[in-house]
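The following pair of complexes shares a single chain, chain A, combined with chain B in the former and chain C in the latter.
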Partner chain A sequence: MTVTILILQFFLVLAAAPATVGIVRKIKARFQNRRGARITLPYWSLLSLLRKEMTITRHSSWVFRIVPFVVFGSALALAALIPSFAVGILAASMSNIFLVGAVAALGSAFLVFGGMDTGSTFGNMGSSREMTIASLIEPAVYVSLASLATLSGSWSLDGIALFFAASKWVEIILPASLTLVALVFVLLAENARYPVDNPATHLELTMVHEAMVLEYSGPYLAMLEYASWIKLTAMLMLVMNLVAPWGILTSPFALGATLIALVAFAIKLGVGAFVIAFIESTIVKMRFYRMQEYMSLALIVALGGLAISLVSIAV
Partner chain B sequence: MTIQSLTQRIGIAGKDFVLVPRDDLHRHAEVCVEAGAPLMFMYATEEANGFVVHVVFSAEDGFLTLKAELPRDDPTYPSLTRSIMAAHWYERLMHDQFGIVAEGHPDWRRLIHHENIPEGTHPLRKDFAWNTKLPHANVPYPMHAVTGKGIYEVPVGPIHAGIIEPGHFRFNVRGERILTLEGKLFFKHKGVEKLVEGKTPEEAFPFIERISGDMVAGHALAFAEAVEAASGVAISARAKHLRVLWSELERATAHVFDMGNMGGNGTGFTFMAAQGFRMVEDMRRLYQSLVGHRFLRGAIVLGGAHDISEGDVEKIRAVIDDIERDMKKVLAIAYGSDGLMERFETTGILSLEAAKAYGARGTPARASGVTLDIRTGHPYAAYKELGVSVVTEKGGDVAARFKVRDRELTESFRLIREVLRTLPKGEAKTNSNFKQGSALGAVESWRGAIIDWVRLDAEGRIDRCAISDPSFCNWSLFGELAPGNIVPDFPLCNKSLNLSYSGTDL
Partner chain C sequence: MVASFFVASLILPLVAGVAALLLLRTKAGHMLTQLVFALGGLSGVVGATLFYASDGASTVVFHTALFSLVVGTLSVFFLGIISVGVLLTSLYALEGLRRYKSVYSLPWLAVASAFFIFGMQATVMASSVAGFLVAWELMSVAAYFLVIADGTEESLHAGFSFFIMAHIGFASLVAGFLLLSAGNPFAEWPEVALAAKTMTPATLSVAFSLLFIGFGSKAGLAPLHQWLPMAHPQAPSHASALLSGVMLKVALFGFIQSLFLFPSVPLSWGVVVLVVGLVSAFFGVLHAVVESDMKRVLAWSSIENMGLIFSGVGAAMILRTLPYEAGPVLASSIAIFVALHIINHFLFKSGLFMAAGVIVSEVHSRDMDIMGGLAQKWPIFSGVFLALALAAAALPPFGTFFGEWMYLQSLALALVGLPLPLSVVAGLVLAAVALVSGLAIVAFVKMFSSVFLGRARNEHAEHVGMMPMSLMWPPMVCAILSIVAGVLAFPFFSSHFMDGASIMQDVVIVQGASMNAWILWALIAGLAIIALLLARFLRVPVRITDTWDCGQPLTSRMEYTATGFSAPFRFFFRAFLVSRKEMIVTPISSENPWIANRRLEWSITSTWERLFYRPVGQALLRFAEYARKFQSGVVQMYLLFVVIALVGAFIFAL
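So, the complex of A and B:
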């Protein structure tokens, strides 16, 4: 049974990922008084990219060609490991926070290699910026995960989500509040969103994520784009499941509960997408040299969250 | 400083066109600039026995032009650039066009000619046919490079990620910090100055309107003013007011666009772009209904301007009332956003000294404290009667350029309403006969001053038409304002200047 649920969760994230991006774009357009493209547009974008020819520069090596597979593989692993739809399933024991962190980092690192491999200026510029951002946000990532582990007494994301789902919301939300805020900071920075990166930029000089994938085309580009959408969806659902741990599927897995969990998944995804769109519509992208202030703030909030967690388990 | 006191200082009698020996040109030019009359324009002409270099200065009561004759077998003169920076591109341009050599110019590379143009090609000479097919050459064009540990060259363009015209930018960076920035433009030279030769002003007019797509009224008006002055044509009071109307509508549209673009696409504050572009679209539709062209082609005509009816007056009022109200709301949100102002402030600072030295024009110049505005400095159309308050700021950064646009927009709306209220009765177009003569025409387009010099021959056809576009003067400002900034802030600097590739490459 758990295998079925795991497969269901895996494909649910994969199926929902383009919609997440579509919803964010749609809501952003509405915020600007524009009608916006259909939510289903990203699905069609993927299909049209898959049908397109690939142009690969002869200045690239084998690294360039394996990058899409590693990045996409890392995203698939995240879709399976991160508790977005159900907790207590087969992958539970594998969702150790360091393992998940490492899997995510593997994808990021290879994306950076892909950006550098062709030797083009923009790819290297994007890679250099990505590494700067990644190394600055890293402390906040692990401190906030550690504080969640402290709070729940589990080193796996599955255990953490299970603990949140099983606890009374009013009792858990206060000690976890700062950590959750820090996780939102991390979510935005890790997924190339405002105020760190502009996912819609057409300006080659300001790009981070887009600069690294600039040389990719056709199916490879589809894989990289899809991977980034999956990562965003999985991480967004993780945060949503901690902030609002209702309706997540727990054992025993009954049909009624599964249907409720599906509805909860959709609602949480919609709310999460709205929050991202709201943030991106109301703030300005930060000047690159002020990024360390954002990252420091994320770390300080995460440390505060850790302190609260330690105090709350002590009393 | 008036023209008379300038000529007295130089020590040569004359009115507004003064002939000086070529070896003294640079000394006399220095006297003018030091006396506070900035160098505005340089152009060359071909005469029966050689060439003439013209240098235009802006005096209090008009333009003073110093002329120097150069013999055909030795077309050289001492370079002005050695002491007057503003001459640097003009002298290179005159070399490409006519083969005139400014001796001692510090950067004697080609300007509008690309690598594939053979040496010794001087297309503005009369013996060069406009449709000459040139063989492909490969003349090197070395770009400035900085060397040292950890220094990278970042080439950008000429093909860009957006739908914009071609321009190549070479950054020398250390990390994200810009050390130097050099532009290479002129990829799509249109040769307007050559193409209009031999044409009547009416035949030439469509070429002039197409010099830069978003400043149609500006270029058309400068050309019309020059042609009319050359043949002594006087236009009606109604036409003068209508010319102000169309010019200010064009300015308002451009400023709304620019403010939306700076906030929206420059920093990623997307709602500003969405709202700004929506308002620009409303204005363009208004122009379509008024003159039949979204970018105001046909609004300015030789001998007058496109006329409007009583109903049109109400239509214009309704649209600008809406835009002014909506723009106020957008600007209130913009100024209230700390994140946005933080991106604007201290970014891309252009010092007053640099603005003056480079002969900067328009909003970038006024945002650095330069007070020159042709509308008040050398009034044309009905600007003298209507009165204009010149907007300046001190900061010289992106924020200052944003504020100048904001305040100029308010002034434009005031002028538009004033014209609509006081529009004199009469004909909007005078039937005119253009005859032999030459004259300068200068206007303040929304990008800055445009100065045209036109000479008509005995048949009323154009013998030479020299055009000075504000983008031509402002492109090299990037070399001044970009260093010290970081690469991701360059697009914002670029949008705050919003120069025309096409206008430069006329």
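So, the complex of A and C:
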């Protein structure tokens, strides 16, 4: 049964990922008084990319060709490991916080290789920036995850989500609040959103993620784009499941509960996408050379969250 | 039986040295020498395997009245690493050194290597203070000759600072050991420990500080690390692999061994080791990120990794002294990290130095800014290098990742297991280790991308020859062993492998955090299969084109160099990296100031040089000024000094 639920969760995240991006884009368009494209547009973009001819630059090597697979594989692993729909379905060791962090880092490293293996300044610049962001956010990632683990007494994301679902919301949200803020910082930085990166432009001054994948086309581009959407969806659902741990599927897995969990999943995804769109519509992108302020702030907030967690388990 | 293998591994390098001198500069002589070295390494590997396969009791290898050589559980672990290192590097040197036969005097290089290898092994096996110090000094002096082997100005300068630092370290080791053994240089280790029992805490603290300075300077800990990135890259690449991958571990061995001489280890010592380790790790990795000399990046990364290892040792020391239940358990899981990281760092660093040696010999430069595009020329070799670089970046599925995971997990468990003020410290250490591991990813992603990816940036990099198999397989073995370490090392260590050596004692799987490498491997294999299926599914036409260039043809000059790649880090960490940038404008035309020759000069100086080395140097010079006043040149004055000294000595003696 747990395997069925695991597969269900895996494919649910895969199926919802384009919609997440579609919803964010739609809401952003509404904020800008535009009608915006249909929410289903990302699905069609993926399908059309899959059918298109690929152009591969002659200045690239075999590394360029394996990058989409590793990045996509890392995103698939995140979709399977992160508790987005149900908890208690995986062995604790598999969603260990440090393991999840390392799998994400592996994906980032290969994305950087992809940008570097083109011989183009665009890709190189995106790579350099992506590497800066991905490495400097690392302390905040591990500290905030460790403080959640401290609170819940479990070292897996699965156990953490289970603890949040099982506790009284009022009792758990106060000690976790600062850590959750830090996690939002991490979420925005890891997924190349405002204020770290602008996902909507192709201007050389603003972009990070889009610059790295500039040289990719056709199915490879589809894999890279899809991977970034999956990562965003999985991480967004993780934060949502901690902030609002209602309706998440726990064992015993009954049919009614599964249906409720599906509805809860959709609602949380919608709310999360709204929050991201809201953040992106109300703040401006930071200049890249001010990024260390963002990273330091994220780390300080995470350390503050850790201090609160430590005090709250000691009391 | 076991002892004879160790004796062989000790004697064979010396035999090789003699053979090299007798056979002079012939090809056969070189081959024979390196094969004898390899044979020595092999017998050491066999000896270590037999040692662990049998009961693993301490064995006397060699015994005379004056000194003897003994192996125990801890020292065989390090001997095994030395032997594997010698085996791989000498097989690599078969072909690798022959390319440089006009640069180096191969017979004398072999003699230096022989004494170096002998010195390292004897250091680890020595059973008395005097034996240890003699072997240590032999190792240092031989290493000096390896560093200056090519005889260039830069090497001599690097060798000089290495020599000075090695002897500052040696002096403090002598002082520390003599203090601890109550002045008896021929004391065996148990006698030293016995003598130390009767000493006051103040004496012990002084002895500990001296020993930490001595071993720390050899292991490249800040602030005594400046020599390392200068000296290690200057040696021939196979020797750099031994210096960085193996010799630093010998320093670590010396430190761990001397910890057991002390009757107890106070909390403050552990704190000092932890802090110094973390500071070294941070500065090491930061310089590795911004450096663009290939072998120097590897040397800085050695400082980082030794810093991490020492911080682990410090954390284990602290946790052992704490009166809490969680302390010893966490200390032993951190000890597993230390052991794993010793192996893993040895593997990837030796492999990377050897691989870097091949690249440097083909591209004729160590500057990563002019390389690039090598992945198209050497697909297999670039795969090997990628594996080693990912191992160095501590990413899964390589052994390094599992080691660092162990460390991070133990620190995270300390958050829960320790009471409040201490758990906050554990949180800060966790953040620092996470920052270091994040920056390590940058350093090695940068290295791989700027050397192998994109387009070649100079002639040599564009027209490299075929990669000879004989140079490719030693790094490849390191890469494979690194993966094997990821799969096997953890289960191996958790089944009480290291029993007997006190710091690695009572190994347990960390409570509440099962860390099974096999599950990850199943996951990765599963995803690989999915990806392959997708690849079959995605059969679309492919067109090979130029890189998109906005209509303006791209050249390799437009690519990001290694220096460009790390620009954000130079900016963000400018407080730590004192970088100086200057535009030098020389006018060409007197009428038009815009027509000028512009040149950008920039350099990174070390914070430590500004804050530590220069003040110390200036203080020393000032002191010398005062001392000169006594040197009047009048003979009577000197006679007076002699009389005063004699009277003083008599008074002191009476």
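Keep this in mind: the second predicted complex is superposed on the first by the 311 of 315 C-alpha atoms of A that agree within 3 Å, B and C clash if a C-alpha of one lies under 4 Å from a C-alpha of the other, contacts with A are read in each partner's own complex, and residues count from 1 in each chain.
By definition in this document, contacts are C-beta pairs under 8 Å (C-beta built on N, C-alpha and C of every residue); 3 or more make two chains touch, one makes a residue touch a chain.
From a predicted model like this one, the values you see are computed outputs, not experimental measurements.
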item	value
Partner chain(s) touched by A:33 [first = chain B, second = chain C, both, neither]	first
Touched partner set for A:143, first chain B, second chain C, both or neither	second
Which superposed partner A:288 touches (first chain B, second chain C, both, neither)	both
Which superposed partner A:195 touches (first chain B, second chain C, both, neither)	first
Per-residue touch tally on chain A - higher for chain B or for chain C	C
Which of chain B and chain C A:6 touches, first, second, both or neither	neither
Touched partner set for A:121, first chain B, second chain C, both or neither	both
Contact residues of chain A, present in both the chain B and the chain C interface	121, 125, 128-129, 288-289
Residue ranges of chain B in contact with chain A within the complex	152, 154-156, 160-162, 175-176, 265, 267-271, 273-275, 278, 337, 339-340, 342-343, 347, 486-491
Partner chain C, residues of chain A touching it in the complex	50-63, 69, 72-73, 76-77, 80, 91-94, 96-99, 102-103, 105-106, 109, 112-113, 116-122, 124-125, 127-129, 131-132, 134-139, 141-143, 146-147, 149-150, 153-155, 214-215, 218-219, 223, 288-289, 291-292, 299, 302-303, 306-307, 310-311, 313-314
Partner chain B, residues of chain A touching it in the complex	28, 31-34, 121, 125, 128-129, 194-195, 198, 200-206, 280-281, 283-290
Chain A partner contacts - residues on chain C that touch it in the complex	373, 375-376, 379, 382-383, 386, 390, 393-396, 401, 405, 408-409, 412-413, 415-416, 419-420, 423-424, 427-428, 430-432, 434-435, 437-439, 441-442, 445-446, 448-450, 452-455, 512-516, 519-520, 523-524, 527-528, 530-531, 534-535, 538, 540-549, 554, 556, 558-560, 564-569, 571-572
